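By letter and in written order, the chains are A, B and C; residue numbering begins at 1 in each of them.
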Amino acid sequence: MTQDQDVALSVKNLKTFFYTNKRCNKAVNGVSFDIKKGKTLCIVGESGCGKSVTASTIMQLLPTLSRIEEGEITYHSENGDIRIDQLERNGEKMRSIRGSEIAMIFQDPMTALNPVYTIGFQISESLKYHTDLTRTQYKTRAIELLRDMGISLPESRVDDYPHSYSGGMRQRAMIAMAMSCSPKILIADEPTTALDVTIQAQIFELMDTLKKEHGTAIMLITHDMGVVAELADEVAVMYMGNIVEAGTVDEVLRNPTHPYTRALLASIPVLGKGKHQDITAIPGSTPDPYDRPNGCQFADRCAYRIDACDVMPEETQIGRTHRVMCWRHEEVGANAAE
Amino acid sequence: MSMTNTTGRKTSRLDRQFDLIRRREEAGQLTNPRGYRFARKFLSNRLAAIGLLIFTIIVLVSVLAPLLTPYDPRAIDLRNILKPPTWAHWFGTDKVGRDLLTRVLYGGQISILVGLGSALASAVVGVLIGCYTGYVGGWRDALAMRVSEIFMSFPQIILVLLLVAILGQSLSNLIIIFILTGWGGIYRLARARMLSLREEEYVQALRSFGLSTPIICYKHILPNALGPIMVNITLSTAAFILAEAGLSFLGLGVPLDIPTWGNILNVAQDLRILENNWWVWLPVGIVISLFVLSVNFIGDGLRDATDPTQQG
Amino acid sequence: MQQNKDVILKLRDLKAHFPVKAGVFKRTVGHVKAVDGVDLDIYRGEVLGVVGESGCGKTTLGKAILRLVESSEGQVIYCSGDEQTDLTTLDNEGLVPYRKKLQIVFQDPHSSLNPAFTIFGSLEDPLKKYGVKSRAERRKIIGDLLEAVNMRPEYMDRYPHEFSGGQRQRIGIARALSIGPELIVCDEAVSALDVSIQAQVLQLLMKLKQEKNLTYVFITHDLSVTEYICDRIAVMYLGRVVELCDSEELYAHTLHPYTKALLSAVPVADLDKQTDRIVLEGDVPSPVNPPSGCPFHPRCQSAIERCKTDVPKLKRYEVDGRDHFASCHLVDLPEAV
């Protein structure tokens, strides 16, 4: 299998539960996916679907009152496979992977940088930990990184504090920091949600370049189907802790086979389709995570609901890469093709 | 549930707790807790619950003092001077033969009145000013801020000496002095809460209806600022009780003929009593400490219970 | 032809400048020109979209209309029949009858309802103020309002934390409707909602507009939503309107280079409609020191000498017989149109 060599990280049947307020919330309830080198995997879903939890599980950045219940997270490093789920949360091994092998950027660039240190200092912090460069080399490398990220006058900007950077520049600085040790995998948790569209476009160009030039595997978490269409190579649609549909971007967007994916696509207005386009709202709202339906989590809002939906559907492989979790996927898929 | 640990890590106490919650959740035994989250969180805090218990006991026995003790707190009994604790006098007697337990109970009435009363009254003053000026801002805000700074920049003890000299020594004067020196802290707290709450969108919605300022700031915003204010009231109650005890010990507080915890302690200024008659000052000292400690525990409990960011 | 339409609100050279203070003595060192001279007519019964990036002044504009933010210059004229009233000149008392006509729906469903009050408690005071004396009547009105936004009347005795984001947003809409306004400013009303809920709220807004004959000023940064819901769109950049026309016209014949870049940058959830992104250089300049001339010229790829010095006016063009306003020197050049 040549395909396996491209896989940078694989997640199998991952379950992460939260135990706050003496309740158990099955935030991530059995998800599997691969992140491939030089490809972008988009995880798309609404708030509370578990997409961010999946990211923090991979980074082992979970809060105390939560736990990986089951499943495997395997990082395929150059020196063999590493089972991330078996590492100690803040152990030495995990810390050496974080930042240097797998890096993460966050949604809000305003709070993700420490306001009392210069940008250059914050970039060199992770260089200090993960590499053995000298003091002067840190600075040169930091300047280089900022230049790569498209920040003008990096020589003077490197000594600036975060408050003098604008939102877009801070997000670039964050990416510079994440890329400082040339990680194999970049996890981006809603990196442009807090930014304007014109700035978002700049960040997307940058991420595209990273993917093409460095072969970085990117896992992008978003709620915006538009972002998926623009950036993704592969998509995983999440709903209430499960991946309900996954495949290449063509498969999922052109031939959505899960009722949720279809409903989601039908509910967003598409730019350029004019004022008279039809949009169909999804009825109801996402269920209370402490009071979930027994079977398919989407059943209560689904137009295709049948009695069988009271049992959690199995994952069905309907193409080489396309898989879906729905009892009636054949009919849904046939409707989509019309 | 050994299967939950396929990862092979050691099971810790936390893990066992998680297993239990998960098992009960899956059996459908857990429901969303009913009743007030606030009361639940407060009572699950052990120290706060103990504090509340001690507080209630001390307040109750003080209020019910006439029913609990046969003695008059001011009745002088020269045949029983400085008697150590006996069955007749549990806490012993002082140097003019008054029953100390009785004095501690009656003294509690006054001390708690001074502490709680001054704390509540200064809170009312501070909140009324802080809410309004914090909400409207501008010169009113600046003026109130400067005035509170003047009051707070003055050493309290000197202010007290000054005011006692001007106003004379009496119970009501002491409460007035405490209000004058105490409103600043709670004013600042209320104002700071207002500054952030007034930017909330529901406030703007009320403004867009053209509702009047008092209705917006006292009726609609104030309830959202009450949590930290309540905490502050409990903590300043404790502080005022200590201040009363301290000032009365120095002879500057409540007039000596009224029994208060501070006035009972006052006799311990006498070195002979301090050395030979421990029952005169030790029990009342313990009661003061217990009461202040319990109020502080309640305050901490309230703070944790009203803070929505704390989970558990 | 547009002169014949019934105007409900006229904005004339509206400016909202906020002083920037610095130093120990709080001297004014400059002004944030959040809204810097906006002329707009809002027609009765239309949905006017105001789009732009953060800091372009769209939210300030919305709040200045309602006097939630005081404007520093210009007029907001409310028209009803022949009567015309400049709202900026009225004091709080005089404003009361107009408060009834103009309302607002906010962005953040978490901060737009008072957590300490039930829904009834939050919504009853405005009704009291506008003359609904009996409690039973207020309960009836609020119950009806909740039904109008597809919620159960019993919900009025619940607290905000018991509702989801979409439900809270609907309660926010019910509140705005409570005193029977004619115009509602929707300030990013659907931006904070999940996509599946967004469509519900959009459709609710459209339904209510039909039923109650409302006019909306729909402020948003989401151009896809704007195109769907709006009749006309005003694009703002650094406190000014740079382009204004019918919603479909804007997409069909974009005149201003900023609008072009904005439209191209929107990610589209349709693989067949992918366009080439025009990636703008740099960031939006600070509204304290806007660039000379056309505020967009430092980022504009086709800027000419004139753009650096002359401030372009919002001019009327006719494209396919329809009005189209834009403020750009390039449009005047013969080869541009």
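Operating definition for what follows: a residue touches a chain if its C-beta (ideal position, glycine included) is under 8 Å from a C-beta of that chain, and two chains touch if they have at least 3 such contacts.
On a predicted model such as this, the values are computed, not experimentally measured, just so you know.
Student: Specify the chain most distant from chain C by Cα centroid.
Tutor: B
Student: Does A-B or A-C have the larger number of C-beta pairs in contact?
Tutor: Comparing A-B with A-C, the pair joined by more C-beta contacts is A-C.
Student: Could you state the distance in Å from the CA-based centre of chain A to that of chain B?
Tutor: Centres of chain A and chain B (C-alpha means) sit 49 Å apart.
Student: Report, in whole Å, the distance between the mean C-alpha point of chain A and the mean C-alpha point of chain C.
Tutor: Distance between chain centres: 32 Å.
Student: Using the touch definition up top, name the residues of chain C that touch chain B in the complex.
Tutor: Touch residues, chain C against chain B: 63, 66, 68, 92, 95-96, 99, 102-104, 106-108, 111-117, 122, 125-126, 129-130, 172, 175-176, 179.
Student: Under the stated contact criterion, what part of chain A meets chain B in this complex?
Tutor: Within the complex, chain A touches chain B at residues 17, 19-24, 64-65, 67-70, 85-86, 290-291.
Student: Touching residues of chain C toward chain A in the complex: what are they?
Tutor: Those residues of chain C that touch chain A are 53-54, 164-167, 194-200, 202-203, 221, 223-225, 227-231, 247-248, 251, 261-271, 273-274, 277-280, 282-284.
Student: Mind pulling up the chain A residues that touch chain C in the complex?
Tutor: Touching chain C from chain A are residues 46-47, 152, 166-169, 196-202, 204-205, 223-231, 249-250, 253-254, 263-265, 267-275, 277, 279-283, 285-286.
Student: Could you please specify the touching residues of chain B with respect to chain C in the complex?
Tutor: My answer: residues 200-202, 204-211, 215, 219-220, 223-224.
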